[in-house]
Amino acid sequence: MSLSINVSELIDLFPGAIQSGQTSIGKLDGIANLRDAKVGDLSFLGNAKYKSQVEPCNASVILLPNDFQGKPSSNQLFIRVENPSRALAQVCELLEGKLYPAPAPGIHSTAFIEESASIHHSSSIGAFSYVGHESIIGPNCTINTHCHIGMGTTIGEGSVFYPGVKLLARCQIGKQVILNAGVVVGSEGYGFDQGDGSHQKIPHLGKVVIEDNVEVGANTCIDRARFEETKIGQGTKLDNLVQVGHNVKIGKNCLIVAQVGVSGSVLIEDEVIVGGQAGFAGHLKVGKGAKIAGQAGITKDVEPGAFLKGNPALPFHLAQRISVLQRKLPDLFNRFAQEKSKE
Amino acid sequence: MSLSINVSELIDLFPGAIQSGQTSIGKLDGIANLRDAKVGDLSFLGNAKYKSQVEPCNASVILLPNDFQGKPSSNQLFIRVENPSRALAQVCELLEGKLYPAPAPGIHSTAFIEESASIHHSSSIGAFSYVGHESIIGPNCTINTHCHIGMGTTIGEGSVFYPGVKLLARCQIGKQVILNAGVVVGSEGYGFDQGDGSHQKIPHLGKVVIEDNVEVGANTCIDRARFEETKIGQGTKLDNLVQVGHNVKIGKNCLIVAQVGVSGSVLIEDEVIVGGQAGFAGHLKVGKGAKIAGQAGITKDVEPGAFLKGNPALPFHLAQRISVLQRKLPDLFNRFAQEKSKE
Amino acid sequence: MSLSINVSELIDLFPGAIQSGQTSIGKLDGIANLRDAKVGDLSFLGNAKYKSQVEPCNASVILLPNDFQGKPSSNQLFIRVENPSRALAQVCELLEGKLYPAPAPGIHSTAFIEESASIHHSSSIGAFSYVGHESIIGPNCTINTHCHIGMGTTIGEGSVFYPGVKLLARCQIGKQVILNAGVVVGSEGYGFDQGDGSHQKIPHLGKVVIEDNVEVGANTCIDRARFEETKIGQGTKLDNLVQVGHNVKIGKNCLIVAQVGVSGSVLIEDEVIVGGQAGFAGHLKVGKGAKIAGQAGITKDVEPGAFLKGNPALPFHLAQRISVLQRKLPDLFNRFAQEKSKE
């Protein structure tokens, strides 16, 4: 990583921390784990089980827990803090602000804003972005380049839209929401009446509601509801290229990994974790805290706390056991044939 | 749904309908099914089996079939029509026009149109859209914001492009086609000659042809053909995030659900239905009316009318039977071991 | 294919070739294989096993190997070259230049370029593209419409970005790289610290490095690394809608087919081939030259040269054998039940 951290800035970041060793190091130019760190790097002891890696570590600065026993080598600085992982996160946030500076507030000269739109003066609208009629963008939002903000939408405080996000008419975005590049929110639901062999479009009059602290990965698509709303609950994180069908409700603090497909009208309760490429048939209910393994195919309701795998999905341990037995099928068939021939 | 329907408008929509009950209700502000409807909602009896839900229903207005027996409660209006589902669709189309009004004809001040392009005066071109050389856009089309209309393309009457559609050079779009946000039509096919360990690009000189009444879901990709054309047949509906490879031909009135992958040169005949996340290996033929379950992996030609499931795909009922038996494998192995130990 | 090739141009393309037959054909208007070619088409004998198809072939011009025995019919031209497949590729490249002409060098009047950006005078920047601070675009690049070139990025000589590519801050693109429409490079990685039931964002400070001659399919997403770099090796080809997670390293000359998902920190060595919709769990190593069948689910390290299939993935032939035996499970259960009843 070609970045630059002043050690004095680091020290300022943790006013209550206990330093020992060389404090006049100047600049750091990388972050690495204890084993890989070189001179000039920052490292950290995030988990006590790696304690023995501290002594041989070459990092110039190491973040350590308050109760860590041991001394820095020469030209090395130890900074003792309550929680080294949190401390590292603070360092990373500081650096993130430098590497990916939020654009200055204001509307880019090339953006187009409809007159009836309302944009808080602390927010920024990037090049070639379009903001539609009667939309409302709250404070401290960053709308990057090439975004489409449809008419009648609302966007809460501190939300960030990366380039090329399409937020379609009437959808609602909470506070501190992050939509990565190319995300589509509010596309038409996939629903048709079967006619005389042809498929008649069912108009989709609803919207999408995304609550606070949600993050949505690049090129993910969330369809609007038929009448009411498709909803993504507070704190839920969707990865890239996920499909969320019309009328779906996803609860709070769920993790939905890349390329998952959630069919229309599925209800996913809070704290559900779904592995990559898993799929859900329509109109299912997935109970609170359930875990779904990657590539699983879910075609029935899932009990709260269940852990499922495979297609058709089975309880994880049964699925594992069957996988092992499948590998023994050639042997079973052989033995069965031998038994028969003995008779 | 925060919308507003004047009951007088409703009555005007069905001039031949028979009303009974309270006609001075004023406004409705929602649509819901019989069980969920509240005062102020419109509901409907779409299927005779829900007949018993009409009496306790709280909706202010209910669309009912002509032969329905029963009376409205006080402050309730019954509207009897030939087909309540169709009638509801008519209401929805009316509302859709209000919620998602088509932009006025004309070219947005920020759009860029090459001089040799031809755009019908009844069509609209949105903000920041680009229309390339010698492209032809027919009457009553809506090209939304940030669209790329490549050179030499044609777009038929009444087609709608949502924001950020990329229609690449020389592709042809029929009438009444809907391309959702972020759709890519005409990307380079994925084909390479194997050289000395490296992969030499095969130029793709063909195009994509999309026939009338096709709909394509958000962020779906359709590659152009090597020499001739990749084709999506009339009335076929593709969902979001679908992959259609080079030279593929999809017939008429097919339904291809989200995240399906169709490899190069596959031929899918008319009226085929494919569940989400299913995949097709290259150069296969899928017969008319076949049904493919979600997540199925198709590696061989499929007979017309077949219904397949699983990977490798098997006839649906055999696949179901094997799924059941797999769950009994632990028991079978145990019993086999017991038999052996008895000997 | 509605295109136009002057036969005289064809002849000029192969100065050392031996012609026989009618040289005054004028124009060709299509390319087809020997069996399908009509009068007016160009065809070619790419593989000696199709030799017998040359005599009945109706093509007006046929590219043949130098040692081909046989004579053209009247009004037909044979052109003998060393390698007809290569010769056809040359013809296709000539046509590609006509059908998809690279835009003239220069910056479109509607593009927006930050002052500190550096763009080589031989490159073109399309309508509504944005080029960020301190980015560097090398010679002979084509940046199409609606592209976002983030700050601090570099793009090597001869690279082509189709419409709507989003290249986020600090990412590096090599020479002769092709990014198809809608590609996202450098999106935030999907990584969170688990707190008190909620998920705390882990800042992603790294970047994406794409080496020379890489091609990336439409709407594919490549996340940036946490600290260092996500990397796509020289000559590797990614198809459409592929997901590449943070910190992934993909080696040289790999083929990754559509809708594959590669989880964070996976290491894929050189010359690996991955079929469509396959998925990799995080932190795995996939050895050089491994082949992974479509839809496979890889949850463990893969040996160099291995060929795996299924989920859980097994060696290809074992997976095939088990598939066959699974189909016999109903029979096995029946026979086992009969054995029991006999006792």
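Which chain is which? They are A, B and C, in the order written, and residues in each are numbered from 1.
Please note the rule applied: contacts are C-beta pairs under 8 Å (C-beta built on N, C-alpha and C of every residue); 3 or more make two chains touch, one makes a residue touch a chain.
Note that the structure is predicted; figures quoted are calculated from it, not measured.
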Angle (degrees, nearest 5) of the CA superposition of subunit A onto subunit C: 120
Shared interface numbering between subunit B and subunit A [over half = same, under half = different]: different
Whole-Å gap between the CA centroids of subunit A and subunit B: 27
Touching two or more other chains - residues of subunit C: 128, 146, 164, 182, 219, 241, 259, 277, 295, 326, 332, 336, 339
Residues of subunit A touching subunit C in the complex: 1, 3, 30-32, 85, 89, 92-93, 95-96, 99-100, 108-110, 126-128, 144-146, 162-164, 178, 180-182, 213, 215, 217-219, 235, 237, 239-241, 253, 255, 257-259, 271, 275-277, 294-295, 310, 323, 326-327, 329-330, 332-333, 336, 339
In the complex with subunit C, residue positions of subunit B that touch it: 112, 128, 130, 146, 148, 150, 164, 166, 168-170, 182, 184, 187-188, 190, 192-193, 197-206, 219, 221, 223, 227-228, 241, 243, 245, 259, 261, 263, 277, 279, 281, 295, 297, 299, 311-312, 314, 318, 321-322, 325-326, 328, 332, 335-336, 339
